[in-house]
Amino acid sequence: MRRTYFESPIVMTTVRLVAPFALTYGAFVTLHGAESPGGGFQGGVVVAATVITVAFAFGVRPTVDWVDERVVVGVFAGGMLAFGAVTVGTVLLGGAVLQVDLLPVSIKYGIEAVEVFIGAIVAGVVTSLFFLLSEGGDGE
Amino acid sequence: MTVALELALVVFVVSTAVATAVLRDIVASIAVFAAFSLGISVIWLVLQAPDVALTEAAVGAGIMSVLLLVTVAKTARASDEGALVSVNPRALAAVGLLLLVLVSTVPALPEVGSEEAPALQKTVDGELTPYGYYVEEAYNETGVENSVTAVLVYYRGFDTFGEATVVFSAVVGVLVALGGSRRWGEE
Amino acid sequence: MTEVESLRPLAAVAVSAVAILGILAAHRRPNLRESVTLVSATVMFGVVASMVPGVLNGTVYVTRLDEVVTGVPFVLRADALGILFAVLASFLWIPTSLYSIGYMRGLDEGGQTRYFASFAGALSATMGIAFASNLVVLFVFYELLTVSTYPLVAHDETDEARSAGRKYLAYTFGGGVAVLAGTVLVYVAAGTVGFSAGGIEGLTGGAGTNVARLAFALLAGGFAVKAAVMPLHSWLPDAMVAPTPVSGLLHAVAVVKSGAFGLARVVLDVFGPDAIAEIGAGLPLAGLAVFTFITASVIALRKDNLKRRLAYSTIAQLSYIVMGLALLKPAALVGGLLHVPAHAFMKLTLFFCAGAIHVETHTDRISRMAGIGRRMPVTMTAFGVASLGMAGIPLLAGFVSKWYLLAGSFSAGNVVFAFALLLSGVLNIAYFWPVVYGAFFETREGSDEKPVIDANIGGYWSGVADHYAGGAFTDGGHGDEDDGGWKKPGWRGGEASPFVLVPILVAVGGAVVIGVAPATVYFFRIVRLVVENVTGVAV
Amino acid sequence: MTGIGLFAGHQYQIAFVLLVGVGLYTMIDAKNLVKKVIGLNIFQVGLFLFLVSSGYLAGAGPAIIDGEGRYVNPLPHVLILTAIVVGVSLTALALALIIRVYDEYGTLDEEHIQEVMDGD
Amino acid sequence: MTDALLGVVIALPVIASVVPLVASFWREEIGWYVAVVALVLNAVLIGSVVRSFVSGGILSHEVGGVAVPYGIELALDGLSAPVLVVIAVVSVGTLAYTRTAGPRSNSFYSGYLLLTAGLVGVTVTADVFNLYVFIEITGLGAYALIASGGDGRSAYAALKYLLVGTVGASLYLIGIAYAFVATGTLNMADLSARLADVGYGDTIVLASFAFIIAGLGVKVALFPLHTWQPDAYSASPYGVAGYVSALVSTVAAYALGRVILTVYTPGFLTANPVVSSGLIYFGALSIVAGSVLAVLQTDVRRLLAYSSVSQFGLIVAGFGIGNTASVFGSVVHLFGHAVMKGALFLTAGIIAYRFGVTRLDEYAGVARRVPYAGAAFAVLALSLVGVPPAIGFVGKWYVALGAVRAGETAVAVVIFASTLLTLMYVARLLDRMYYGEAPEAVADGGGGTRVTRGMVALVVLASVAVVALGPSASAVQETLALGEVLGG
């Protein structure tokens, strides 16, 4: 029982207009986690939610094709690898595991960097989960 | 924030939770669940947890509902006889027992918001507690105003690494569950 | 007593363990496989025998390894008591191996590789039991013995054999658990489980008396299972479904004697006779032993299946040993311990004879053996001699040990035990004599095809046992005597092959030597040394 | 009703108990597998409520530090953020498994599935 | 530097788990190689961490360089070191097995690596909330792996496991929340001190303990919280069943012991005799019920699964008794059971792949067709019974010894009696395997092609190890210095 998409021009236009702002908001939430509520996780979810909104407006399959799975996987895999690199890297620098203050920037920026990685992971994963659940199954 | 509002919120979330439980139609259930999540995120705001509120709103009301709906769309929307489920006495008894245990501990718990609560002491035996440390020292040490972020990434960064791993595990798990990774890279 | 570090105790254990590998590797070449068995049996006996002179001079050979569990060192220790058991088992393994070859090939048995490998494993475990220096090491090998003999009991793979195997496992593991529990109690109470002649210090007395009683009950009860003391005996008659060499060496020597041996260790080296007297545990055990040998003898009377009759005889004879140990007097101890080798030689002879009859004629039932003495005169003569020994006729092995048991009973001041012994001797004659008499002086036609007593005794009319006794028992499905060997050509003078005959002669010869000149045989000297070490009294 | 007096100041804890109860009840009772997953989420939210309320300080602001002041304890918030993420991850996996089960058995009803499986 | 490796051994498999997923775009079936490289490297690192523990005593690492109790601490002591070793060994061993047997998709190996990371994390963390996170990672990994069977049955079993397991983890978190409410801290050592200050008789402290035990009890699969476990073990591929049965409950039981002994401490148990007896009898009940249920099974995997319920009862009882002997027994049994049970499942897998048989009555005569695997199965099963000198005996000995020393005679009786119950199902199995009339599938020699010599060699190796480890287990008692863990 696949959902048939009703391509409403109003919805599509609205989404087209809103999506860039939503993405920007996601980035903002991610980057300003240090000063205000929010952070990588919330920002990532907002970004993913934007993609999902797009998918609702334009249909899942076209969205998957448009976004390209490689990009989605690349985003969260890159986030994971970067986070992992920080975790293990500080040990190689002679410090403790995940010793953010050993990074060549101030602690604050180190924290923000990690927030960005988290944002990437969450955005990528949540988008993937949505795609997988809506595309998966059906015994293909 | 008045006590009345707080009580109203509590009543709201509990009733939406009960409604979620008793509604037979799964889509209706999901809709009420979204309302429940919104109610909860207001409670987070009342409890001065804006980070949690933001997350709850985005996840509980947003992502979670979408995923649930997608799943229902992929499967079946069973809505046979009656709008509400009938009560299952055995389940009720089992759950009632647990509730009895939980309720009996409530009077022993410190009142919410009380300064006497052990979790809100800044020092114990002259040493800073985690709470004291996070509100007194964290900003000086990290330059990050939002101490939730400071704790999340810096002080308890390893939890967050674990959290990222959990998220990643979810996608791996879904891939495995849905029949391997062949789907990726196809088409 | 001097302790000498030596690898010989370990070597004795290891020889046949290593041999298992050789046996398995040679599974496609039976001759090579059996050579491995024979060589390792010879080597094992050589190693054990080489320690005898030293032990008699008061030397104890010790192999120290690491700890088994904390506070319990893994030490193998060839002391007098251990060497008694080890010499016996390793010596008898040689004729039994020869016999096995004749028997297994004679019957064209399946699974021979498994058979010989398990046999080697069982011997290894037996050596371990003999040389164990403490309860934990003893327990380790005790359990390994169970595991390695299980395939032998279930060898035939018939339903009877498998159910006997399961019963065997259940009983002996149950006993093992009791032993383990007792061991833990002893360890907690005394801080050690190491054997020490005359008993471990500080195990009894004071508030610990009840704990000590419980520990003794568990240990004695656990070992009594393998020693087949009633009411824990019923696995043994069922286990007779195993091939006869197994019944012979394991169920008359190694396995059941490991129970008796464990009991001896408990009495002599864990608690010590004095402590046992103190907690009042001797008399109940002795009483149980008396009950066992009288009852078992009576049951033996009505068993028509020869191996089953022998099994009940074994149960009875083992209880002599138990009684000797339980009476706690030096003479009784000597009698009990001396009965270990005496019974071994005699019972092995009897089993070998039963097996020889089975191989040649496929006959298991006594009522069908009328006149068989004329066909197999050597075999049946040996059978007769061993039977007389069992009954305690002078100049045979059984006499000497019974003599000491009698002396011990009197010195214990309890004449009841002496009378029980004499009564049991009479019963022995009653259940063996018909076999011998029928074999030589009756013919098939003129014989009465009934066991000595054909009535229901003590409600023992149910269960698997009597199913067999009723005639359906065919020793695992081999040979039905009705159209089996009786009509074979070569009926006159049809003795078994030398592989079977020579071991019979060796075993019966041993029984005679022990009886005629006990002082010249090492066993007697070893036993006296053991008792002297424990009680301080030279017997 | 003395109960109300006893539970004044404990309203969130009572809500925690009730939500845990409702969630668990749904998990046990619901035949529909998706419903069970929703029950699981309610159960977890109840638990979150308990933890977050334990860090609440009356009259204090959120733990965004600007000079001296009263702040709530940020630690429970951090824990709950992590726990929410864990929850959504588990939900996603559960839903994927449900889709898989549906593909196989054509129903989401626990009892039907059990019947089909026993029939195998 | 070495103590930082405690974090690295968690992070390394996580990082490695990303690789197969990304690599899927270019190549299938590359996951195994990635996993082998990562886990062998991880095993080497674990080796060096453990070596440094052996030579220098307890290791502790403050993650991020943040002082305890404000940050997260990782630690390695006598309780965790053996578990860490067994994780390293089993993860590599089972991986070798899945080379031909297991699911071969890349995402499967990502899941495998994540599960391993979770297991290691649970083992080395010294923070109760961090423990929760790793429990969930372990859970997610396990659910995913169990679902990799690819049929509806395995998906359903995984879902059931997920629902029950998450409730278990949440109950644990409720317990943590109570402890947090009482103390405001999460570091194990700090929490332990604060709980003592609050008082062991405090309602909140008792509630926290109860919820933690109940929650972890679900994860360990103690009776009657075990319902997820037989389905999970029997519906998953054999390689997975081997891995999950060997380690997942093991680390949960370890976590249980860790919380009981180092957070609440034996002092708590002494102060609350009712609680401590309750815990011990909880374990004892599991011993008996698990064995009885195992005896009733007709499916070999379910039999083995219920046997785990029983064996973990023994381990928990040992922790509950809480003296050095019983705790050492539990640790030995944790280690031994992991090897035994894992290898038993792998051996059952060899038999299933070869002959397509899974039920007890179909096992008739299989041992003769696969003599090496059959012998390994026999040795492992007998070790499970507790036949000395194999390691199964050693664990039982120490727990029993501890029970008698603590005056818990009834528990000692249960432990001894459980030997016989274990024997009941093991004897049934072995009797069938060796003496039964082979059914057609077996007599034909089977048509399975997925059994390699390597797989057989692996289980034979495991059976040899089980025997060899027994006598050597006691030698590490001093090194582990469990007295130190128990607070001297």
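Lettered A, B, C, D and E in written order, each chain numbered from 1.
Note that in this section a residue touches a chain if its C-beta (ideal position, glycine included) is under 8 Å from a C-beta of that chain, and two chains touch if they have at least 3 such contacts.
A quick map from chain label to UniProt name: A = Cation:proton antiporter; C = Proton-conducting transporter membrane subunit; E = Monovalent cation/H+ antiporter subunit D family protein.
Because the structure is a prediction, the values reported are computed rather than measured.
Participant: Which chains, if any, touch subunit C and subunit D both?
Facilitator: E
Participant: Note down the smallest number of touching-chain steps it takes to go from subunit A (Cation:proton antiporter) to subunit B.
Facilitator: 1
Participant: If you average the C-alpha positions per chain, which one ends up nearest the average over all of them?
Facilitator: Answer by centroid distance: E.
Participant: Taking contacts as defined above, which has more of them, D-E or B-D?
Facilitator: Answer by contact count: B-D.
Participant: What whole-number Å value describes the gap between the mean CA coordinates of subunit B and subunit E?
Facilitator: 30
Participant: If you average the CA atoms of subunit A (Cation:proton antiporter) and of subunit E, how many Å lie between those two points?
Facilitator: Here the centre of subunit E sits 35 Å away from the centre of subunit A (Cation:proton antiporter).
Participant: Can you give the whole-Å distance between the Cα centres of subunit A (Cation:proton antiporter) and subunit C?
Facilitator: Once rounded, the distance between the two centres reads 78 Å.
Participant: Where the centres are mean C-alpha positions, what is the separation of subunit C from subunit E, in Å?
Facilitator: Each chain reduced to its C-alpha mean, subunit C and subunit E end up 43 Å apart.
Participant: Would you pick out the residues of subunit E that each touch at least 2 other chains?
Facilitator: 7, 11, 14, 18, 21, 25, 63-64, 74, 129, 133, 136, 140, 143-144, 147, 155, 158, 180-181, 184, 186
Participant: Check each residue of subunit D and list the ones that touch at least two other chains.
Facilitator: Residues 20, 24, 37, 54, 62, 64, 73, 75-76, 79, 81-82, 85-86, 88-90, 92-93, 95-100, 102-104.
Participant: At least two other chains touched by the same residue of subunit B: list those residues.
Facilitator: Only 50-51, 55, 59, 63, 67, 70-71, 74, 76, 109, 117, 119-120, 130-131, 134, 145-146, 148, 152, 154, 156-163, 165-171, 173-175, 177-179, 184-185 qualify.
Participant: Can you give me every chain pair that touches, using the contact definition above?
Facilitator: The set of touching chain pairs is A-B, A-D, A-E, B-D, B-E, C-E, D-E.
Participant: Within the complex, which stretch of subunit B touches subunit D?
Facilitator: The touching residues are 6-7, 10, 13-14, 17-18, 20-21, 26, 29-30, 33, 36-37, 40, 43-44, 47-52, 55-56, 59-60, 63-64, 67-68, 70-72, 74-76, 78, 85, 88, 91-92, 94-96, 98-99, 102-103, 106-107, 109, 111-115, 117, 119-120, 130-131, 134-135, 138-139, 145-148, 151-152, 156, 159-160, 162-163, 166-167, 169-171, 173-174, 177-179.
Participant: Quick check: in the complex, which residue numbers of subunit A (Cation:proton antiporter) touch subunit E?
Facilitator: 70, 73-74, 77, 80-81, 84-85, 87-88, 91, 94-102
Participant: State the interface residues of subunit E toward subunit A (Cation:proton antiporter) in the complex, per the touch definition above.
Facilitator: 1, 4-8, 11-12, 14-15, 18, 21-22, 25, 61-65, 74
Participant: Per the contact definition, I'd like the list of subunit B residues that touch subunit A (Cation:proton antiporter) in the complex.
Facilitator: Touching subunit A (Cation:proton antiporter) from subunit B are residues 50-51, 53-55, 58-59, 62-63, 66-67, 70-71, 73-74, 76, 141-146, 148-150, 152-154, 157-158, 160-161, 163-165, 167-168, 170-171, 174-175, 178-179, 183-185.
Participant: Spell out the residues on subunit E that touch subunit D in their complex, using ranges where they run on.
Facilitator: Residues 129, 132-133, 136, 139-140, 143-144, 147, 151-153, 155-156, 158-159, 162-163, 166-167, 170, 173-174, 177, 180-181, 184, 186.
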